[in-house]
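Each of the two complexes below includes chain A, the first together with chain B, the second together with chain C.
Entry: the complex of A and B
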């Protein structure tokens, strides 16, 4: 019984010669990400076509509710002047949820690859730094590192770098731990059912032991926690932290 | 000799992965205390159940971070480090 836990498979490589990276490898992560983007684009188009002012359809009511939720989330946490962050935070959240839940269809979720989260976190980090420089100027931003005493400057730099690393690892670790534990559980249950049914003598046992009967149902309980709960919670935390960090950067 | 060096490197990786997962103890205690306090709060004021629960879940997910760091370190030690070390040793 082999249990295979591996990273995202490389599906094909593009024969482009990049300066440092060499050939461009297109992995499962990228292809599934395209699928996620397609789904989200389709959903947006379907939700927003044919909008009316009066006698709205159920579809429009759902769309309005979602937009209202995103508005309340961002404006409630950041204040009215950051209303232009609503599309960004909503896109981050929607991409996160869709990427996590796509594992329910048997695909490898793009968020089980650190690259995806690290890309998001780097974008957020750039936004935070931009906001800090905007509020206190470049000199003020650099001076902030020497507070409260100049000798702590290296630690301040470290804590600044720890922000994107912490944000991306939190999301990545939660999703990947789900993938690893689910794979181990499927392998263990398949082994257990083949050994149990192999106890039946004769041809019947030999045939039945090929079918991993115990794999039906039992993993669904764990999948509820790992796919649904952390799949919905982690994007929420990611966007919550984004909102909080940017709002904090604007306060100083 | 080389065999011994590889063996020591692999054993170090495996032991390190095990030790890294001790990091799970902290979040376990922390989350347990968070849930206990939330239950107390709900017991005192059952009408705030929704608010307390959602804040608690958010706090638990944040407290999980250090455990996740340990888990990622363990994964690196199991899946990445052995290849690196055995590659270095030839």
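Entry: the complex of A and C
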């Protein structure tokens, strides 16, 4: 019995080959990300069509609740002047949740690919840095690395770079561990049921041992933690850290 | 099928994911937050307007109430004034009437008294005359001859006067 845990499959490659980037390979990650994008866009359009001021529908109430939630989350943590960050944080969170939970439909989560989290973290890092330069000027930003003493500058640079790396690996690790453990569990349970039912003598045992009966139900318990809990919690942590880091960068 | 590294860095995927997130941000901004926020703002404005209207209506009602109360007060005062005036007038009138009546009664009484006195005097005079002539007749008869009135007037009058004094 083979248990294969690998990265995203490459669905097709385009004949574009750039020196540093390499061949343009469209992987599962990219295609499922597009799917997530389409789902969220459709959801947006469905939630916000036919908005009314009075006598609102349940659908509109949900849309309003989500918008208010995002507004309160960002404005409550960052202050009124960062209201323009609301769509960014909301997109980060929604894409994260949707990407994580899409694994429930048997697709490979885009978040099980480090590139995804790294891309998000780099955008967040750029925003943090931009905010820092905005707050204390380019000179002040560079000078901050020599505090409290100049000899610590390399470590300060390191800790600065550690921010996006830490953020991305935290999220990625949680999702990937879910993928790995789920795959292992499915394999192990299939093997166990095959051996268990193989004990039945004759043709009946030979047929039944082909059916991984133990795979039904039991993985759902672990899936609750790895898919649902992690899937909801990690995007929340990611968004929270984004908000905190940018708000901190705006201080002093 | 070609498979990528489990933990690796693929530049194209990385770029694609950056683009995806930015597109997602734009879509959220354009199709979720913009319409919903605009609608919320509209509702807030409407609610504010409604509250302002309510406050205005309340103020109006208060003003109307004050005016009404003032009017009521004025009306009451006026009614009181009218009542007291009427009472005063009535008192004055009744006093006047009583006085007039008293006066009239007094006039009537004095006139009646005067009449009575006149009548009495007349009666007395008549009786005097009667008595005089009767006395003459009696005296004539007693003396046996006729007394002439003219001759004895003096005597008679004295007699009558004496009678009058005694009666």
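Keep in mind that, in the parts below, the second predicted complex is superposed on the first by the 252 of 252 C-alpha atoms of A that agree within 3 Å, B and C clash if a C-alpha of one lies under 4 Å from a C-alpha of the other, contacts with A are read in each partner's own complex, and residues count from 1 in each chain.
Keep in mind that, in the parts below, contacts are C-beta pairs under 8 Å (C-beta built on N, C-alpha and C of every residue); 3 or more make two chains touch, one makes a residue touch a chain.
Predicted model only: the values in this text are computed from it and were never measured.
Novice: Once the two structures are overlaid on chain A, check if chain B and chain C clash or fit side by side.
Specialist: Chain B and chain C fit side by side in the superposed model.
Novice: Which partner does A:121 reach: the first (chain B), the second (chain C), both, or neither?
Specialist: Touch partners of A:121: none, neither chain B nor chain C.
Novice: Quick one: the Cα-centre angle at chain A between chain B and chain C, nearest 10 degrees, please.
Specialist: An angle of 120 degrees, rounded.
Novice: More residues of chain A are touched by which partner: chain B or chain C?
Specialist: C
Novice: Scan A:166 for contacts with chain B and chain C and give back first, second, both or neither.
Specialist: After superposing on A, A:166 lies in contact with chain B but is clear of chain C.
Novice: Output check: A:20 vs chain B and chain C. Expected answer is one of first, second, both, neither. What do you get?
Specialist: It touches chain C, and chain B stays clear.
Novice: Between chain B (first) and chain C (second), which, if any, makes contact with A:234: first, second, both or neither?
Specialist: First partner only, chain B.
Novice: With both complexes overlaid on chain A, does A:87 touch chain B (first), chain C (second), both or neither?
Specialist: Touch partner of A:87: chain C, not chain B.
Novice: Quick check on the superposed pair: does A:174 touch chain B, chain C, both, or neither? Answer first, second, both or neither.
Specialist: Touch status of A:174: first partner only.
Novice: For A:110, using the defined touch cut-off, is the partner it touches chain B, chain C, both, or neither? Pick first, second, both or neither.
Specialist: The second partner, chain C, only.
Novice: Based on the superposed arrangement, let me know which partner A:197 touches: chain B (first), chain C (second), both, or neither?
Specialist: neither
Novice: Closest Cα approach between chain B and chain C after superposing, in Å?
Specialist: 7
Novice: Find the residues of chain A that appear in the contact set with chain B and again in the contact set with chain C.
Specialist: Comparing the two interfaces on chain A, one with chain B and one with chain C, the shared residues are 5, 7, 172, 176.
Novice: In the complex, go through chain A and note every residue touching chain C.
Specialist: Interface residues on the chain A side: 5-10, 13, 20-22, 24-25, 27, 29-30, 33-34, 36-37, 40-41, 44-45, 47-48, 51-54, 63-64, 66-68, 70-71, 86-88, 90-92, 94-95, 110, 113-116, 118-120, 122-123, 172, 176.
Novice: Could you list, by residue number, the parts of chain A that touch chain B in their complex?
Specialist: 5, 7, 166, 169-170, 172-174, 176-177, 180, 230, 233-234, 236-237, 240
Novice: Tell me, which parts of chain B touch chain A in their complex?
Specialist: 57-58, 61-62, 64-65, 68-69, 71-72, 75, 79
Novice: Spell out the residues on chain C that touch chain A in their complex, using ranges where they run on.
Specialist: Interface residues on chain C, with respect to chain A: 1-18, 20-29, 31-33, 35-37, 39-40, 42-43, 46.
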